[in-house]
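Each of the next two complexes has subunit A plus one other chain: subunit B in the first, subunit C in the second.
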Partner chain A sequence: MKIGNLLTELRDRASLSKTLVMTDGESDEDFVFREYKVARRSKVLFLAAFALLFLILVGYKITLGEYDIGFFDVYDTLWKHITGSIDPLDPIQRMNDNVVWEQRLPRVLTAILVGVGLAAAGAAMQSMMKNPLADPYTTGISSGALFGATLAMTLGIYIVGGYYGRVLNAFIFALVPAVFIIMLSRWKKPSPAMMILVGIAIMYIFNAFQSYMMLRADPNAASSVYTWSVGSIGMTTWEQIPIIGVISILGFAALFIMTRTLNALNSGDAYAKSLGINVDRVRILCLILISIIAAGIVSFTGIIGFIGLVSPHIARIFVGSDNRILLPASAMLGACMMLICDIVSFLIIGATLQIGIVTAMIGGPIFMLILIAQQKEVW
Partner chain B sequence: MKPGVIAAVGVALALMIGAFMLYATADLMGDLHPDPYEHHIEYEVSGEIGGESVTGSAVCDTLRENDAFHNYHIVIDAVGAGGTAVSQSFYVIFGPDDIPRFFTESDGVYIQDSEGQRISLVIGDFCKISGFGFESAGLALIAQEVHE
Partner chain C sequence: MVVKIEARGLGLGYGETRIWKDLNLDITEPGLVGILGPNGVGKSTFMYALNKILEPIEGTVYLDGVDIQTMDYKDIAKLVAYVPQQSNETFAMSVLDTVMMGRYPISGFTTTEEDVRIAIRCLKMMNLTDLAMRNFNELSAGQHQKVMIARGLAQQPQILMLDEPTSNLDIFHQVYVMKLLRDIAKEQGIIVLVICHDLNVASRFADRLILLNKGHIAADGPSEVVITPENIKNVYNMDADVVNSDGRPYVIYHVDESVSMGEKPPSGSKEVD
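Then we have the complex of A and B:
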């Protein structure tokens, strides 16, 4: 169990609990306070390390692409765009500007925003349901959103017309599994395992309906829906970035406001109730927020699995379970994971590989490794 | 290993397989219905350099950066009667409206003039460049798509 030892070591370093020794004349209270301060400082350091990794990945990712433009030329182009000094008579400069600003930057920003949204939603869901397998993907919320969007794309069935009808469709159908899980949790008091299994069952039901729609759809429409549903970040333009940004960042901010309540929920319903928290109301609010985030993201990018599942687990190893730090750490790690997957997909196969398959093939083994290495009760 | 861990690993595996199946289906559907904007076009090139006639070939390939845009890279290789080798390349970016960026349209031909270099494009459906002209100091080339 070398990996298990490594994880324990990392966790211990994160809390520094093993390295601290009580000094002579130090009272228990002082020691605990010093331990708390050191642990908090180390968590902030890990957050700073994640932020640094994030900046490096963004810096590298933006230089990757099939259009031949040098590493430093990318930054020169960005600088010229920001300062408005692109020569309008030089087609090479204008082409470089188009590739970097109009094509690569929206892709990088989409990766970041999707990572932040999904990871924050996953972390909140895992705390709320006290289940390490909970995320919008495993609870069927993403599949519901995908079904709603497919309904709009293949059969033209919209609840509200227009381009954003697809987003609204996705949101409405994302709420179906969320509402079902809420109702189930209120009436039957299911175990965490049962809730995930119900989520997976809902996911398969939606997938079955979606497959049926694909069979009935025009082959070209079905082909584009399949390509989109694997999960792709290469389709977004600057017009869509503000919408994805609002959904992800506001969703993250709203969940962040709830972190103290989520900490209480993580300690058990009875404890949360003893603090005067309306547990059911918090769960409903949390699930609605998560549904909005998942639906918004899925309707633009298709299903991108494992980011919401794995990022909180990795972040938890470094910063512990306090949601006030876990949520931002997960969000930053989610963004980093998305960028890493996009970089890997470009370096191995090229820009044509959808990111959804890369996140599954990288995130899946990491998730299994963490579960096996930690060897603790999963549910 | 605890039963919960085994079940969780099973769920993760099922999700991975599900993602792979979806990708495989999408890939298959993509093969059955290829992207009409993805081109690999070969051209016959003829022209002259410094009064000497040249012939050769050119290739246009799709570059993927962002699916909302269609980028193409054209590489020209030609050899003159006296053995002078000519190698040139340029990029063409089409916006979501299927119109090449940074070109001006004149009688159905898209033209770009810059720093003594003139590129003209003849464009078909789905951003297909069916022919082009390339002119720079002492060099004038015309490329026509090779139909097999």
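Then we have the complex of A and C:
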């Protein structure tokens, strides 16, 4: 069976409404309404399944490491910590709490927040730009953010100083490709292919400056910057997690509010305008949000590719293209994919490899599979 | 009460190219209004200007006496629905979800049961309920066109504008759609504006025809005033006889096989001086 047919079959099976039969005396309208409700319910069921997978992956990931702790003990410890019922006199409970909460949870939470942010940004970008190849990475936004953060880390150049200087640097430079995309879509009416090629060109330009800075930097600084820049979730601390959390979750929530507008943009600018949407304003707002998400994530974890690109494509197979369902499904899958990549790297290599390398190793082949399976040419 | 369209001194174009200059037009009576003219004459451009998809270089469009430049996109969308010539979806949703997009100006983010039922009724009007849960991309070009018409109807507008809604339809559905649009215009007392290339279909169903040519209105009125051999010769550079069919003009074209069709094509959208 062709891969494309397999994906169609999978999607058809996913929609429970395909099996419905019209009952006696039921009008056309009532039957279609029932089909619609069942189809919606099946999509919500998929969301619930993704949530279950997510909980399993979180628990399993926390069990991995030199210190042995069982799957259910992980959730028991988390619950006890949240409710403040860890027995200070029980050494096992204290040890479990230390391992789960202090040592392993920051990494897991970082993986989740990065997955949610990148996948939501990718899904929104693909709809907004009508381009299946769009995500913060392929449009150069992540590279801009990486350049801005590196500028602060290696040369100490800050646009605004202070603790958040690195994030602000990343945001300002992430806006460079974003502004370019807005200008291009407004005046040149670019094809989807042209848009991505421009993004890749911007990415190369930023990468060249990035390499130059690394070569000029102190070797020790360059080494640590390189380790961070290839996508690392092991360096974040509890102090940084609320910042990544706020950026990722609020960014996701803001994009979620725009989902019906994104659906309309997917039908073309002219039609979206006729539905009462100020297309230019929405596009600017959306790209600013995506730049904030990318800047926040890149500042702390470096570049993690393919999550933003692949998660929406996989989610579409199960829940379709309505962004109101697609965005949460992509975010959930993005978090799951990050956890899977982290688990795979631990199980195969035995150590915690930089996750950006693993996501590319796993995400690349998946993306190629999706491209080959694609039945309709879209660019 | 019909929402009137008035264009005053309208100048339209893209970049340096000027397509319309000093266009004045009133559409104040409910009914099916056909817009005719050669390829590239600026029919779609004119339609774009009527719902602010394209901002005019000069002049003003009034909807019910209000300058649309002072109106928010949302307010315009509550009055005017637009059905594009071609579908342009990259990531297709189900047919029903696609039609429900037409409810966006009314219901915003949420979808009520009423929205779903209105969308289903619009699909039923286009004989598409069987395809409601199919993916939009799996449909043929003609079915796409019918879904887009249903989406326009779901918006329940005061003015419905359709850009070549019958171009991909078979004869039965061309007649069906035009008859449906005429009936909707009549029953709901709204203006339905249709860009059409088939002079006979337009002549048969439209209450008023507007024939455009080279930056000006070549003829405007009921079909017997607009569909004449002289107008067809002037605008399309085609020889034709016009006969009466069911009380409406019917065009029979003459093709001179000895003359190459490429020698004298209609001049269409030659840039306006």
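The rule is simple: the second predicted complex is superposed on the first by the 334 of 379 C-alpha atoms of A that agree within 3 Å, B and C clash if a C-alpha of one lies under 4 Å from a C-alpha of the other, contacts with A are read in each partner's own complex, and residues count from 1 in each chain.
Please note the rule applied: a residue touches a chain if its C-beta (ideal position, glycine included) is under 8 Å from a C-beta of that chain, and two chains touch if they have at least 3 such contacts.
Keep in mind that this is a model prediction, so the values were computed, not measured.
With both structures placed on the common chain, the touch criterion links A:V32 to subunit C but leaves subunit B unconnected.
Once chain A of one complex is fitted onto chain A of the other, the partner contacts of A:P219 are limited to subunit B, with no touch recorded for subunit C.
After overlaying the two complexes on the shared chain, residue contacts for A:R94 are found with subunit B alone; subunit C is out of touch.
In the superposition on chain A, contact of A:P132 is made with both subunit B and subunit C. Touching more residues of subunit A than its counterpart among subunit B and subunit C is B. By the touch criterion stated above, A:Q354 is placed in contact with subunit B alone, subunit C being left untouched. When the two complexes are overlaid on their common chain A, residue A:R104 makes contact with subunit B while staying clear of subunit C. Within the superposed three-chain model, A:S274 lies in touch with subunit C and out of touch with subunit B [touch as defined at top]. Legend: residue contacts after superposition of the two complexes on their common chain; A:G320 is shown touching subunit C, with no touch to subunit B.
In the superposition on chain A, A:G65 makes contact with subunit B only, not with subunit C.
Overlap of the subunit B and subunit C interfaces on subunit A: residues 132, 376, 378.
Only residues 48, 51-53, 72-78, 80-82, 84, 87-94, 96-97, 101-102, 104-105, 108-109, 113, 116-117, 120-121, 123-124, 129, 132-133, 135, 137, 155 of subunit C touch subunit A when the two sit together in their complex.
Against subunit B, the residues of subunit A that register as touching in their complex are 65-68, 89-92, 94-95, 98-99, 102-104, 106-107, 132-133, 137-138, 193, 196, 200, 207, 219-220, 222-223, 226-227, 229-230, 232, 234-237, 303, 305-306, 309, 350-352, 354, 356-357, 360-361, 364, 367-368, 371-372, 375-379. Put simply, subunit B touches subunit A in their complex at residues 1-2, 4-5, 7-9, 11-16, 18-20, 22-23, 25-26, 29-30, 32-33, 63-69, 71, 73, 91, 93, 96, 101-102, 112, 114-115. Residues of subunit A that touch subunit C in their complex: 11, 15, 17-18, 28-29, 31-33, 35-36, 39, 126-127, 130-132, 192, 257, 259-260, 263-264, 266-268, 270-271, 273-278, 316, 320-322, 324, 376, 378.
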